[in-house]
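Structures follow.
There are two complexes below, and they share subunit A, which is joined by subunit B in the first and by subunit C in the second.
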Partner chain A sequence: MNEPMDFLIWTRSTAFDVAVTIFVIGVILRLFEIISLGRKQNLAEAKGTEFGPGMRTIFSRSVPDLGTFRRQPLTVVTGYMFHIGLFISLIMFVPHIELFRATFGFGWPGLPTPIVDAAAVLALIGLLAGLWHRIMNPVMQKITTFEDWLVWTLTFLPILTGYLAYHRMVDPYPLILGLHVLSVEALMIAFPFTKLMHTFTVFLSRWYNGAMNGRRGVES
Partner chain B sequence: MAEKNTLGESLRRHGVSRRGFLKFCTATASLMALPPTMVPAIAEALEKAKRPSVIWLSFQECTGCTESLTRSHSPSVESLIFDHISLDYHHTLQAAAGEAAEAAREAAMHENKGKYILVVDGSIPLGDPGYSTIAGISNLEMLKETAKDAAAIVAVGTCAAFGGLPQANPNPTGAVSVSDIIKDKPIINVSGCPPIPTVITGVLAHFLTFGSIPDLDQYNRPKVFYGQSIHDRCYRRPFYDKGKFAETFDDEGAKAGWCLYKLGCKGPMTYNACATAKWNQGTSWPVESGHGCLGCSEPRFWDAGGFYNALSVPISDNSQTVAFAAAAGLALGAAAAGLNYKNKDEATKAHGTVTIDDLEKSS
Partner chain C sequence: MSEATLERGINALKEQIDAPVAAFFSSCVSCGMCAEACLFYTETGDPKYTPIYKLEPLRRVWESEYTLIGKIKKALGLHKPVTDEMLEEWQELLYDSCTMCARCSMICPVGNDIAYMVRKTREGMVASGNAPEGVKGASMRAVTIGSPMGVKLSALEAQIKHIEADTGLKIPMDAEGADYLVLLSSMEIMNFPEYLEGLAKIFKQAGISWTLCSTAFEATNSGIQIGSTDIARILVQRIVDGAERLKVKNVISPECGHAYTAIRWDGPNLIGRPFTFRVLHILELLDELRAAGKIKTKDLETDCYTFHDPCSLARKGGVIEGPRRLMNMVTTNFAEMKDHGKMNWCCGGGGGVSSNEDAEELRIKVFKKKKDQIEETGADVLVTACANCRLVIEEGLEEYKVELPVIGLSELIADHLVVDEAQAEEKG
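Let's look at the complex of A and B:
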């Protein structure tokens, strides 16, 4: 009789402790390792500065390249849909902000729930379109590995279960809320060891690209 | 005792008018989410209903459930209904004590075999039977004996329904719920700490009217009362959706009646009728008086994190976990970096030069 609530309590205590420990250790370990390795010293004479172009590239790469857009408009549009939808539903939903506040001691104002709800739907549609593209496109078929399926599933489940929990589409409620928390924990555990690390490394690699171009005097 | 006269006769004898009686029937119909066309049927069924025998057993409890039922609603028609079931045993309310009381229970069980309703409040200790006894009989033994010939069991309060406060971690008495022990009888869980008085009278009225138990949810609670969450029926819900929250109990948001989610309201996970039925004859309910819902009608609500922490906040202190994990991550990252530098160094040292001649030889 009490199992759904026992499950929810477990996901909010023991399972969360395990997941957050693996996540934090893994992410910091990998970032520290990457940064400490640095890059090979370039002995050629510098033709420009590194810092400015590096910083500029971090932002400029967020604007889609026109050529890519013409070749793969769907990939670009659904990619943006998914990332913006995920961003809003992850860090602009008040219960999520309260979790950050309890962990790090600071929070920020959230958005009204209808906006977060719409963002979650956008993220789900974006992910489904990405999956369809991965299955149908012959090139994608060739380059897709097990990790891609795993990462897609681990990203899709938290948004789906969150949507189901918010709209109370599964009974009993503690079961679906527990599944939502558990799916996020699975994502957190896999995060440091998969391509999900791009969440943090994307900005590092953009900076390196921009800095290298800047040094060689290439416009970034 | 039971079945001597009908409920209708009994109510008239106590001066309840036809109008008052029909008003109660209408309220019951709307409470049970039945169409208005059912009101005459309810009235007729209640009019003719025989007074069922009710045996009320109190185990590991605080008597709060009995307080809720007896005090807050007198002298209403609901309480008269409650009076006019034949409450044959209730060791807090009955005049008899000791052996006479136990004799009354046994007599009721014998005379109404298979027909009486058993109401239980309080959990049952499975640890030492001596943790809770009545007239020298352990709770477990009394429950099994009395449940054997009951028509149905109503577990009143979260203790009887789910184990309740006595089951709170580390559960020193080994407390369990009624449904953990009795498996072969229909059990209606009327959870809450305490439950809303109208809900228990509503369940009994349903039983009197239809002779059956109401539709139940996964936790065996009547769907009519526990079908919707506090959150979904809360009058402060629009503030939640707009993102307007009270941050402390005395800020402008709290004064303006904004959502109490951030102050620990467990409304989103709690299913009960507080937001609609309210308390103290419809006067108010916890959220209306400015305090978040504790989730008292849900299993293990006492172990589900701090009452003043938001529902989304983890139960254990994870800021400490994060700090330790970050330190461990840095140490491991430094070790990994050291290892990588060593590999790089060794690779540089082991670097040999290759000439054109070497390449020609190997090909």
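Let's look at the complex of A and C:
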């Protein structure tokens, strides 16, 4: 047995179990932490409904208001590049799907690797451009905290190491693959306790926004 | 009110946090887009006016009290606490530079309702004694005298006498069993009596039974502006008591934005039970009368008219299409501003900003947004439906040396009203 191989095996066994456990329990806990706070019953006569407008806003907020987009296009463009690139690389890459199938017993067809490869590059460029924007933009400078740099790094590393591993750009291969898995585990462990949680809570916040406005007869 | 302390402020913030707030803070990715929707940022370029940044006191309390990681950080002494100095610094951000117009709430990519949270954060500012003097003064006058501008019943009675003498119209006071209770804002009583005159004319024509109430004529609510549920409740209760005493079926919010929010949306929640009457904004009533064919207009204007949507009415109240139908009743040449309806830009004076002397210079500066927006339409006349917007816009235009009449929509309808149509038809 060589050391890189041992490392890879460890990342795929013990470390993986620990990360998945923290991720799953943490996310459930955080969602409970939020939802259990509840909302006061609204006694004002409603002008519209809540559920439908809430669901609508979950989708409609993915499209920016044109005037606002024109003022800050880079935020929107880098955001789209990164999110689309990440989702394609994450869920349409055949080895990822196979891992999922091995764990849960079912899968779905992946995309040809050149497309996934391009998606990963798109995500990396999006993240790098986003980072540059975060450093240069005065508003972002004002509101960026340590956590923002942390989650950027935690998101960037899995894509970077995945890209390097796929292209066999680091030798030995088990080392870079192990680092890839480890970086994903770091992301999963930090996930419930950082703003990475927006992956899930965005559905809640958009829904609440749409619902509260919908009740007043406003499409938000 | 009991003495304001930091501890009470923090407790007030704690009490304000609910599931939406927790979801909003959990979702924020510090993208900064909210700044681009805020006229205090776009007109100054100062990043401290970024809307989400204004919520830092509330965010800190949420993190330390309602998240596991925050509790751990607090136990380890790694948490940044909310201090008196911080709240003092934030007064400018939460009051001078925010009208709670909720434009940021409309564009936040993760759906954060930032204005909802600013309103909540102000509760903590009041409880900790960090609200601005001007807004405090208005609130105290509202509670003790009955009006934020110190307008008493006698002043209203004098205006009524004046209008009745001028027009021969009757303005009913304390008429029990009337269908509609009309509320006013102090500004309308003192600065725009033509509003009340216009209503008297329209209601007579439409054959509506209405009344004013001697114990509840003031519609505005400084409590929801300063961020004090206690004050807001006292002021809403007066209206509820008046409306129930006179057994009216409907209460009409005047041409005022935040009064509509206060009575229509916050009112029942403040007093803890649903209302026994319906609450309508005057424009909603006029639109109903239009639809029922009870009011008709004539001699439509041909000059270009544009409409400023009061934020509380449009973006926060859903009164968007009605005002447009009414505009088309008074002009054949109605021009929309580029961003209008739910995306309209605030006049810069809402949410208590216009009664806050500290904010005056900034308010004039950021008014440039509205001025540019109005000028872009090429309109000859600006119409709105909020006495506060109207005064703020008039003052702003004067500062920028733009000559443009600003008129209330109800008054404009009254000016173009076809009077005595029924009699005319009978004769015909």
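FYI, the second predicted complex is superposed on the first by the 218 of 220 C-alpha atoms of A that agree within 3 Å, B and C clash if a C-alpha of one lies under 4 Å from a C-alpha of the other, contacts with A are read in each partner's own complex, and residues count from 1 in each chain.
One rule holds in what follows: a contact is a pair of C-beta atoms (placed from the backbone, for glycine too) under 8 Å apart; a residue touches a chain by one contact, two chains touch by 3 or more.
Since we're looking at a predicted model, the values are computed, not measured.
Of the two partner chains, subunit C is the only one touched by A:141; subunit B is not. Once chain A of one complex is fitted onto chain A of the other, the partner contacts of A:37 extend to both subunit B and subunit C. Contacts of A:110 after superposition on the shared chain: subunit B is touched, whereas subunit C is not. Of the two partner chains placed around the shared chain by superposition, subunit B and subunit C are both touched by A:29. In the superposed model, A:47 makes contact with subunit C only, not with subunit B.
When the two complexes are laid over each other on chain A, subunit A has residues 29-30, 33, 36-37 in contact with both subunit B and subunit C. Within the complex, the subunit C residues that touch subunit A are 17-24, 26-33, 35-37, 41-42, 45, 47-48, 50, 52-53, 66-69, 105-113, 116, 264-269, 272-275, 278-279, 314-320, 338-339, 342-343. Residues of subunit B touching subunit A in their complex: 162-163, 177, 179-180, 217-220, 229, 232, 240-243, 245, 261-262, 268-269, 271, 298-300, 303-305, 309-316, 318-319, 321-322, 324-326, 328-330, 332-334, 336-337, 340.
On the subunit A side of its complex with subunit B, the touching residues are 1-2, 4-6, 8-9, 12-14, 16-17, 20-21, 23-33, 36-37, 94-96, 98-99, 102-105, 109-114, 168, 171-174, 177.
The touching residues of subunit A, counted against subunit C in their complex, run 29-30, 33-40, 42-45, 47-48, 57-58, 61-62, 64-65, 67-68, 71-72, 75-76, 79, 137-145, 148, 193, 195, 197-198, 201-202, 204-210, 212-213, 216-220.
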